Amino acid sequence: MKNIRWRTILAASLLLMGSHLASAADPIKVGAFLTVTGPASFLGDPELKTLQMVIEDLNAKGGLLSRKVQLIHYDTGGNAKEAVNFVKRLIKSDAVDIIVGGTTTGDTMAVIPDVEKEGIPFISLAGAVDIVEPVKKWVFKTPHTDRMAAAKIYEDLRKRGLTKVALITGDGGFDKSGREQLLKLAPQYSMVIVADESYGNKDTDMTTQLTKIRGSEAQAIINFGFGQAPAIVTRNIKQLGVTLPLYQSHGVASKAFIDLAGQAAEGVRLPAAALVIAEQLPDADPQKPVLLAYKKNYEAKHGPVSTFGGHAYDGIMIAIEAIQRAGSVDRARVRDEIEKTQGFIGTAGVFNITPEDHMGLALDAFRMVEVRNGGWTIVE
Amino acid sequence: MPEQLFQFLVTGVTVGSLYALVGLGFALIYNASDVVNFAQGEFVMLGAMTAISLVAAGWPLVLAAAVATLLTLLVGLLLERFAIEPAWGASVVATIIITIGAAIFLRGVALLLWGKDFHALPPFSGDTPIHWGSATLLPQSLWVLGGAVLLVTWVHLFLNHTLMGKALLACSFNRAAAQLVGINVKVMLRLAYGLSAGLGAIAGILIAPITFSSYEAGVMLGLKGFSAAIIGGIGNPMGAVAGGLLLGVLEALGAGFISSGYKDAIAFLFVLMVLFFEPTGLFGHKVAERV
Amino acid sequence: MGTPHLLTVEGLEQSFGGVMALAGISFQTPENLIYAIIGPNGAGKTTLFNILCGFYQPTAGSLRFNGHELRGLPPHRIAALGVARTFQNLQLFFNMTVLENVMVGGHLRAKTGLLAAALRLSRVRREEQQLRQWAGEALELCELANRAEQPAGALPYGLMKRVEIARALAAKPRLLLLDEPAAGLNDTETMALRDLIQRIRAAGVTVLLVEHHMPLVMSVSDRLLVLDYGSVLAEGAPTDIQADPRVIAAYLGGAVQYAV
Amino acid sequence: MRLVGFYIFAAIAALLPVLFPNNYFVTVVGASAGLHVILAVGLNLLIGYTGQISLGHAAFFGMGAYASAIMTTRFGWPGWLAMVAGLLVAGSIAWLFARPILRLRGHYLAMATLGFGIIIHVIMVQAMQWTGGPDGLAGIPPLNLLGWTIEGDEQWYGVIAAAMLLTIWLSLNIVDSRMGRALRAVRGSEFAAQMMGIDTASAKTQVFVISALFAAFAGSLFAHQQAFVSPDSFNLMISVELVTMVVLGGMASTFGAACGAIALTLLHQGLVVFEDYEMLIHGALLMAVMIFMPQGLFVGLSQVARRVWTHFRGRSTQCAESIGK
């Protein structure tokens, strides 16, 4: 871990002098801007570690198109203004060939105007559906959209015959766009929203909002959020003795959530990528080998795996395969190759990207999972 | 509606006691140095994170808490020795920036030591909710409330009934006069930073089971603690506790009856109203402007 | 001497939570005169000054200046009527030079606002010249011309006191309140202060002087007002006041048998 | 003679893009530094000269930005009209809040302005139907001034550099005038200022409004330059950073505030190389400068420069003094 950091500092300071020696042996440059600190560090940190891991393994096996691959990454700290400056720095000063990054929807939306104007392939790791709808020529994304998560939750609720739903969401971008999708899709699944509460992502107690929900005739609670707040909501629900079924979002699909929420997490359901239940997949499932390989490799270095790291893995692998198929780092040809990615087996599911769908994941890429005695189990 | 109101009040008091505990640290340092230490939130975080690591390493809770408090107290002393003292005589605004720099620095250290994810301390006496009328609260909240009462009385006794405490107060009222009667003002200031760091650590440990802790936990707690100290009248420990409880109840009622999204806005709007009518806080000592 | 009174104070009372700092005092100050107010500490001298300038609002009574009722006016409106003062504990603008301090004195004699200043209109440039000139004159009068560019904080205490006077004069006031100008000065500085006060009176400014330095008070004032425990003890020419038994009793205390 | 510092500053700003053609650090970072200078110079009038602290100034920066964003994307207003609307909104809210807030002193004033900033930030996050919520507003059209549509980083560098020089010029004029001295008198001693006939309440209100207008002006430029605005560009941390720029650069010095703004912007870009250590170094640097140069980076450095200058030339030069103003 140590020498990677020194190499990055050395590489970055070299670039400060702006030396552009273009030659065959020149490394292929992958640019990344992630929220490694700040409120969304919960997502950005595993993403960075995954990108570094994949690129290090790739270089160990001779790199790409017989050229070394170099990762240049910046930490936006969750501030969209920084994201824009860093993407301009990646394009203009570092002259990267492709960008994989954008942990939060806010950062991603902020940089799209520049990416489209400069014409550089950009694979985002953020959740909101409006990153790829309407389709933008140079912009792709690997995580499932919040609309898919909402649809998956509503499907499960309908199976259980529950129609009166209470929403409780945080004040982050991920939370708000999730809430928007839940409100938009409710009529389609004949769901009735009976309560719509909100909290601050750094709040320490949500019992007030949950007491109001307890007072409503809600039959189930959906908490769309990420970080520490959903764990507090889950504990508060148990504290108030509320027994309604609780649905979380894929934002908390990680072991850390179960550790934080503790006993209160039992019975919580949420849509998640197959990564969290890799071992329980039937052997015939094509995703299983990919998931186990990534999981083993990541956990050897960094501890428990997280679905956000998985999104970064999918993003960088799609980029690498596209460059291999294009045989060069020419931006337009790499972009076209990404758009032709078919049947790519990633941690989030099977990707079939088309000119109209710059994500390529079907609803079945999401698996409904439930917390049972401290672990994730598939819900049939 | 009324039984919900009771729950809102109980929630308000439990959350308010968190703010009160943090506000105490602000009041103590202000008493000795006329400066608001914006790194107070970081002391709370350091106390919690150290205790969590020690407990995770198998130490018994009480020992871990004691060691964590001492270590944070040491950090407070070092901060005063190497940051506040060398800038002796700097303007109030410059000293505020120094404490803000210290806060960022301590956050950087915590980031390196504990990484970025969230940690929790197991509750001291389980988390089976206690039912009190129609409201429920966690046993840990009783620890927090109890802790607040204990610490407030200790600070009150210390400041008003011990020689060292009175010396501390003397420094804040008139540093030159304090020096003249033989009080070593530098030691007093260092003591103040050490004590409020220790106080912050204890607060952090008491609230860790409720609020989870990360390298960034100090920011919001510091902000709410500062607000509590200001509402109560800066420098007045009792005021800080009252201010904290008031802020907590306000947030709960605001979220309960008006809109949970605008909770913080409602609370701070009230803080503004208080300041407009009581320019030196609810219980702040009114400083007569002498010409 | 019979000109109409510049300042008329009637039945002025001021109490701070029950303590009667001023218990109904009345006096009149004719124009173009050096009028001294003396009395032991706590007699109510500074309280009177603060009421005159609008820092305190009196509990009762009235004070008329040049036909205007001052009671209820904020300090800056009273200053606009032509009242200026110095302060017992120095209130210089230490973040500015001596010249800039005195130019602030001329604030009321100029008009340009923030917007005109920001755009640097021609009348702003003319006004700056004017203010610089007025300040120069005031510094000249107080023999501080050579200290103009120095920061106010760098001067010795005696000179700082004089900068405060120069600053007050730059406002071209009709009434100048001097609050213990001789405090902390040595003898030579006090003599220079006496000449300065006489030069100020010669320039047509009425001076209200609060001072403990008796030789200075007796030598420079035209009339004296003696306050004791918030009420008027005596009022008159310096020579009468020196001989007045009540004043001597108040100052020296106890019954004194005169060797008649 | 009065504007020698200003001309040097203008020369540097003009020469940079010529010496380093289309270099990221000049255009993009330069433009960001320019916006920070406008904010810091405005805030310096309030903190440095008038001695009134404000920990909520990012709110006015945000008002300008959101006014431009909302008026152009949702109501189709032209850019300049939206900018004027932003100035009016920020100015009137500043005027409304100034009187009650500026009666407060020291930490209480810091708290009131901090609270004000948080209230505005919560509104930016929660009023989704107007502000687009936490993910902000995208698609802000390019700014069209007098028929010229500003496109690309070089052009934006030019526009922001010109705006920056304008604000520095306005600030220098304000400081060197009757009203400027009145503001500094308020900081020196509010009692003495009142006795000089200065209505200190209205003086403080005027400077509060002026600094809010500077911030809103920068906000509108920022909105059009980024074509995107989101609440986390206007939160408490940004307000704290603005105050740090003023204090770091050197209080009560227009060029001090400008240099503080540039230094902090470059620091931010430079530190990113250190990844996890960035926060640690950022905090340590902040403390070090405030401890060893309490009167600020600029004033401290100009003193060092003056000592070196006198060491070599054997006599002090008038020029350094006029910059220090």
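Chains here go by letter, A, B, C and D, matching the order in which they are written, and residues are numbered from 1 within each.
Keep this in mind: a residue touches a chain if its C-beta (ideal position, glycine included) is under 8 Å from a C-beta of that chain, and two chains touch if they have at least 3 such contacts.
Everything quoted here is computed from the prediction, not taken from an experiment.
Contact with both chain A and chain B is made by D.
Closest to the middle of the protein, by Cα centroid, lies chain D. Pairs A-D and B-D differ in how many C-beta pairs touch across them, and the larger number is found at B-D.
The chain with its Cα centroid farthest from the Cα centroid of chain B is C.
Chain A and chain D have centres, each the mean of its CA atoms, that are 36 Å apart. Remark: chain B and chain D have CA centroids separated by 32 Å (rounded to whole angstrom).
Put simply, the C-alpha centre of chain B and that of chain C have 48 angstrom between them. Inter-chain spacing, taken between the CA centroids of chain A and chain C, is 74 Å. Residue positions 55, 87, 91 of chain C each touch two or more of the other chains. In chain B, 111, 259, 261, 264, 291 are the positions where the chain touches two or more neighbouring chains simultaneously. Among the residues of chain D, those touching two or more other chains are numbered 125-126, 191, 276, 278-279. Contacts from chain D toward chain C in the complex involve residues 170, 173-174, 176-182, 184-185, 187-189, 191-200, 206-207, 210, 252. If you check the complex, the residues on chain A that touch chain B are 36-39, 41-42, 45, 171, 197-200, 202-205, 207-209, 211-212, 215, 227-228, 231-232, 235, 238-241, 256, 259-260, 262-263. Those residues of chain A that touch chain D in the complex are listed here as 5, 8-9, 12-13, 16, 18, 36-37, 74-75, 78-82, 84-86, 88-89, 92-93, 105-106, 109-110, 112-113, 128, 171-173, 175-177, 198. Within the complex, the chain B residues that touch chain A are 4, 7-8, 11-12, 14-15, 18, 111, 115-118, 120, 127, 129, 131, 136-138, 207, 210-212, 214, 216, 219-220, 252, 255-256, 259-261, 263-264. Listed in rising order, the residues of chain B touching chain D in the complex are 30, 36, 83, 86-87, 89-98, 100-109, 111-112, 223, 226-227, 230, 234, 259, 261-262, 264-265, 268-269, 271-272, 275-276, 279-281, 289, 291.
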